[in-house]
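Shared between the two complexes below is chain A, which has chain B as its partner in the first and chain C in the second.
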Partner chain A sequence: MQTYSYYPGCALERNAAVYHDSLMAVAESLDLTFTEVEDWNCCGATEYITIDLIPAYALVGRNLALAAEQNCNGRSLVAPCSACFLNLKKTDHYLAQSPELNRQVNQALAAGGLHYDPGSVHVKHLLEIVAEDVGFEKVARAVKRPLYGLKVAPYYGCLIVRPAFDGTFDDAEQPSSLDVLMRTIGAEVVDFPAKAQCCGGHMTQISEEVALHLIHQLLKNAVDHGADVIAAICPMCQLNLDAYQDAVNKHYGTDFHIPILYFTQLLGLAFGFGEATMGIGQELVDARPALANIQSKPLKPPRRKRPSKKELPMPPKLQEV
Partner chain B sequence: MNRIVNQPRGPTTQGRTFSEEVIAQTPGDDPRLSMCLQCGTCGGSCPSGADMDYSPRELFAMIDADMRGEVLSSNTPWYCVSCYYCMVRCPQDIHITDIMYTLKRMAIQEGFSQESNAKDAPDFSETFIDFVENYGRSFELGLATLYHLRHHPMNAMRMATGMGFDLFRRGRMNLLPTRIDNIDQLQAILAEAKAIGGNGDANL
Partner chain C sequence: MMPQERIGVYICHCGSNIAGTVDVEELSSWAGEALRHRGVVVARDYKFMCSSLGQDLIAKDIKEDKLTRVVVAACSPHLHEATFRKACADAGLNPYLCELVSIREQVSWVHTDKVAATAKAKAVISGGVERVIHHEPLEPMSVPINPATLVVGGGIAGIQAAMEIADSGFHVYLVEREPSIGGHMAQFDKTFPTLDCAACILTPKMVSIGSHPHVTLLTYSEVEQVDGYVGNFSVRVRKKASYVNHDVCTGCSICEEKCPKKVVDSVFEAGLGYRKAIYRPFPQAVPKYPVIDAENCIYFDTGKCKACEIHCEAGAIDFEQEDQIIELNVGNIILATGYDLFDARRETQYGYGRLANVFTSLEFERLTNAAGPTNGEIVLRDGETKPKAVGIIHCVGSRDRKFNNYCSVICCMQSLKFAHLVKERTGAEVYNFYIDMRTAYKEYDEFYQRVLSEGVHFIRGRVAEVTDVSNTPEEEERLVIQTEDTRMGKQRRIPVDMVILSAALEPRHDSDEIAHMFGISCSVNGWFIEKHPKLDPVATMTEGIFIAGCAQGPKDIPSTVTQGAAAAARVLGRIQQKELALEPIRAEVTEALCSGCRICNNLCPYHAITFDEAKEVSVINAALCQGCGTCVAACPSNAISGTQFSNEQVMAQLEGLLMLNMAEPVLA
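Showing the complex of A and B:
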């Protein structure tokens, strides 16, 4: 049994409640327990740092100080949202790097009776603990109903793999942990070259044109490679690809209807939980038609085509991981 | 501070060059901005680069040339989507995304932020943090409603009848914000942080 401090973040309270609920359901199967940081506050997303520097770091500093105070056994702090993960990690990193920033932020925290020593909380993303701390073997043992035949595009987005403060657990350009995780639960992972590209973040509100362009690229890339579903690890990515799919279709004259599910929902389905328990149906693009592709037996791999003697000899296609 | 590559050009406010001011207000970047090679990897990596007035590379050359007004009134920092591709690819390890945040703060403070085609962006951030300061949590419905009613009333209508309604129907939108228990503590911390100096200009 591994225990973590847990920072859900604002999105998981409502818009991404299925991410939280599906995580809590699969946690038991993976022997994980989460203790929520009491009275945590918003991480400021990308907005507070746009307005004010020291208050932005103090805002995150309060969460780190609370986590450190409530965390007596040196547990890691887990964030399921990539933006929260980045803000917590970045604040800890820059406080450690800049004594002057650390002094000013701690002076602010002292006004609330708090103090934080940089480095005392180890921040991790949820995917990181499932891939590394739990490990793929343990995940494989929990699988009861493998997702055979379901073609998944693993979508990492930006902030879990970049900017890679303190070294990251996965590659900044070609991450693979979610690929392996999805294959572990029986799904077929499609090649998805755009896997670490940006969903546009808050650009939907600033310049919809720019945001729709980015979302369109991602949807098109996943669909072009034959994906039935996109697996997301961040509420912002899920919201943009799911809720703006209709707007993309109108803007580009396309007809995408590819569902975006949290990776924890797919884990839950493979662990034998029902669709209702996993919150299937709360996404705007209905996932049920895609989930109907799940087979009870693994599909036979397509027969290798014998290369034509007329073609130039080419190296074999790269196998991921 | 030591300038590695270039000698400071004409001093601006506080006797420092624009470049030195930007560096001083960006945690963790000292003094990499002044070591920009002008290679253009940042602009080539940028997903929204095509819509920017100047690519990050151009902007850094302009900062070095003390073109304060042109830099701060451009849309470049506001069109940064914070994907950090430029930052992990920069051969000089310049913290480009953090510099964009610094430029946004400077643009607001010095009154340049209304001059680019992203002039609504500061208000989006302000509205977002208003909820955070009052409740300790963000509030999507309030943010979308206030921001769109102020800037794009047609969008507000479209969202209320379309996507907003769909999200609400699926239980994905709260009608009321949540307030944290110890909001007084958070507000005391933020008030002190602002008193220290919101923009933290102290060689971070």
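Showing the complex of A and C:
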């Protein structure tokens, strides 16, 4: 049994409630316990840090201070949202780097009777925990109903692997931990070169044109490579790709209808939980037609086209995580 | 008590190098007074002690004042110890009775406070005086030099070195890991800036090495162990079983033709082509005999096949052949072990290994080579489509803090060569993406001008990524190079069909083990360290071991050949001397004190210590010992003492440094 401090972030209480619920369900299958940080507040999301530095860091610093105070056994702090994860990690890093910033932030925290020493909380993303702490072998043992035949595009987004403050757990350009995880639960992983590109974040509110361009690129790339479903690890990514699919179709004259599910929902389905328990059906682009592709037996690998005599050999692939 | 020795102290100004920070006049008058009771009879300072006038001062005092010891306070012993020892010897004093203490590197260059620096210099001189009292006259030893030489690595550096020595009439053993000599140069098509055909200029040299009466060629072989010392190394070489009897093989290559097992050739063809399980890397291989790669051979796997044996009319196939151990005795060794290419898959943003039409520089060399997998046709990975636009990315894995900080030297010129060849053979648009263009050396910049005039595009900026995620219809099904153009101050996306990565040159993956085996060192980056970066670039700190070519650092063919020849010249000089004087600064074991614990045996970086089983004591080979002192410090029984580094000498120097020798002791 592994225990973690848990920082859900605002999204998991609202639009991404299914992320929270599915996570809690699969946590049991993986022997994970999460203790929610009491009285946590918003992390400031993607824009506050660029607007007003000290209050932004103080906002995140308060969560770190609370986590440190309530975390008596030196447990890691887990954030399932990539933006929350990055803000927590970034704040901890810059407070350690700049004594002046640290002084000002702690001055603000003192008003609420709090204090934070940088480095005292180890922040991790949920995917990092499943891939590294739990490990693929243990995940494989929990699988009851493998997702054979389901073609998944593993979508990492841009925040979890960059920037590498203390070295990331995965490659920053072509990460592979979610690929391996999806294969572990029986799904077929499609090549998805755009897997670490940005979903547009809050650009949907600021410059829709830019956001639609980024979302269109991702949807098109996943569909071009034959994906049935995109697996997301961040509420922002899920929301943008799901909720703006209609707008993309109107803007670009396309006809995308690819469902975006949280990776925890797919884990849950593979662990034998029902679709309703996993919140399937609450997404805007209905996932049920895609999930109907799940087979009871693994598909035969497609017969490889015999390479032409002229074709030059490819270099061997680099090993995945 | 009257001091027994008569000591002269000489303080160098080194222009203003020392005198700018240290009060040298004060030092000399202090030394004459304060150290008189320790035997100092004369103390002088002079502008340049190393000049002939400075040396004359010392010589005159030795003769007139009957000096028995000399202390020179100047630069590091690495620079001028030999100068002052010789000056003493010329004046009739045993050279080992002269001690050089550093008040430049260890005092004036590292301090700014003149008062404190002068005080420290006094302590350093005081230490030198105490130490020199305990010096003993020593005589250098001499060792005979075996005229045979070992050259490790059969690339162009090793070939050049072997050729120079063999042509002078001395024997060379040339050991090469692969089945043929030729190295990386044999893989290339053209060489910059003249666009000479690499094979045309290399193969004649390979052939003459292969048939040279003074060369023993040991291919498909690796050095396993090195013992001995300069003049007298014994080397164990493993010649891997080739399963082909070279005495009867005619090199007809029917076996290669008939062998049913095709294997991707990751060495000579850089992974871009195939070879058979029985193979010669290339048709002009030297020697011409094939080898069987047992790991991929069907017979070794299943016990069936023997196609090669069946078709060999000469009966040269011998599946029973075993590795052969060859013992060599040589006087000098040249290491010319070359480089490995950076694994471009590690720069994941450039997509090598994932995107079919991203090639490495070495793959591209094979692609353009008329004897390569496409007969020199520049085509995409499908083997037939000609590219319409090609991007060449410089500095992949070089000048990059994530991988290698250094510049790989050859990539700019190599990329220009590629650009020219693509343009000439396909007419494609060519884009070079560079950080800085580095085209130093003869006729290199002229070549750059020529390629510029051919209409090749040059974009200054570090490429962000090579992607197959398209943004626009014209990017569909192509590779897109996303980069900042720092001259335009803009982000650009340039669609191309083929990308060539000019990958870094890296030290051989096993360079650390090789260095350890031969008793030399590697730099932080893993290149073999030369004795002096400017003045002694092919020698190493270990006598008799020389380095040449890319094993010492990235370099182009002309510099590699120059180093090969230079290393050979150094070896020839040694051979002509017939014997070599060695520094008498050595460690010695006092047998009565040695407990036989053998702690020192494995610590010695020069493999100079062995164990005498009969006497149960450790024995130091005086010719191998370099006087580093490791064993002296490590011996728990105090049984080892270093000549010139005895416990008495070191303790006396410490007492001197702490000013415990003053008439009225003070802590400096």
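Just a few scattered comments:
By our rule, the second predicted complex is superposed on the first by the 309 of 321 C-alpha atoms of A that agree within 3 Å, B and C clash if a C-alpha of one lies under 4 Å from a C-alpha of the other, contacts with A are read in each partner's own complex, and residues count from 1 in each chain.
Keep this in mind: contacts are C-beta pairs under 8 Å (C-beta built on N, C-alpha and C of every residue); 3 or more make two chains touch, one makes a residue touch a chain.
Values in this document were obtained by computation on a predicted structure and should not be read as measured data.
In the superposition on chain A, no contact is made by A:Q295 with either chain B or chain C. In the superposed pair of complexes, A:N221 makes contact with chain C only, with no contact to chain B. Touch criterion met: A:L312 reaches chain C, while chain B stays clear of it. Look at A:Q174: by the touch rule set out above, it reaches chain C but stays clear of chain B. Once the two complexes are laid over each other on the shared chain, residue contacts for A:Q205 go to chain B alone; chain C is not touched. Once the two complexes are laid over each other on the shared chain, residue contacts for A:A194 go to chain C alone; chain B is not touched.
Between chain B and chain C, B contacts the larger number of chain A residues. Within the superposed three-chain model, A:T33 lies out of touch with both chain B and chain C [touch as defined at top].
The intersection of chain A residues touching chain B with those touching chain C, taken from the two complexes, comprises 172-173, 197.
By the touch criterion stated above, chain A contacts chain B in their complex at residues 10, 13-17, 39-42, 44-55, 57-59, 61-62, 93-94, 97-98, 100-101, 104-105, 107-114, 158-159, 162-164, 172-173, 197-198, 200-203, 205-207, 209-210, 214, 243-244, 246-247, 281-284. Touching chain A in their complex are the following residues of chain B: 25, 27-28, 47-48, 51, 78-79, 81-85, 87-88, 95, 97, 101-102, 104-105, 108, 117-118, 120-122, 124-126, 128-129, 132, 136-138, 140, 144, 147, 162-163, 166-167, 170-174, 178, 180-182, 185-186, 188-194, 196-200, 202-204. Per the touch definition, chain A reaches chain C in the complex via residues 171-174, 193-194, 197, 213, 217, 221, 308-318. For chain C in complex with chain A, the residues that touch the partner chain are 264, 271-274, 345-346, 348-349, 351-354, 356, 360, 373-374, 381-384, 465, 467-469, 471.
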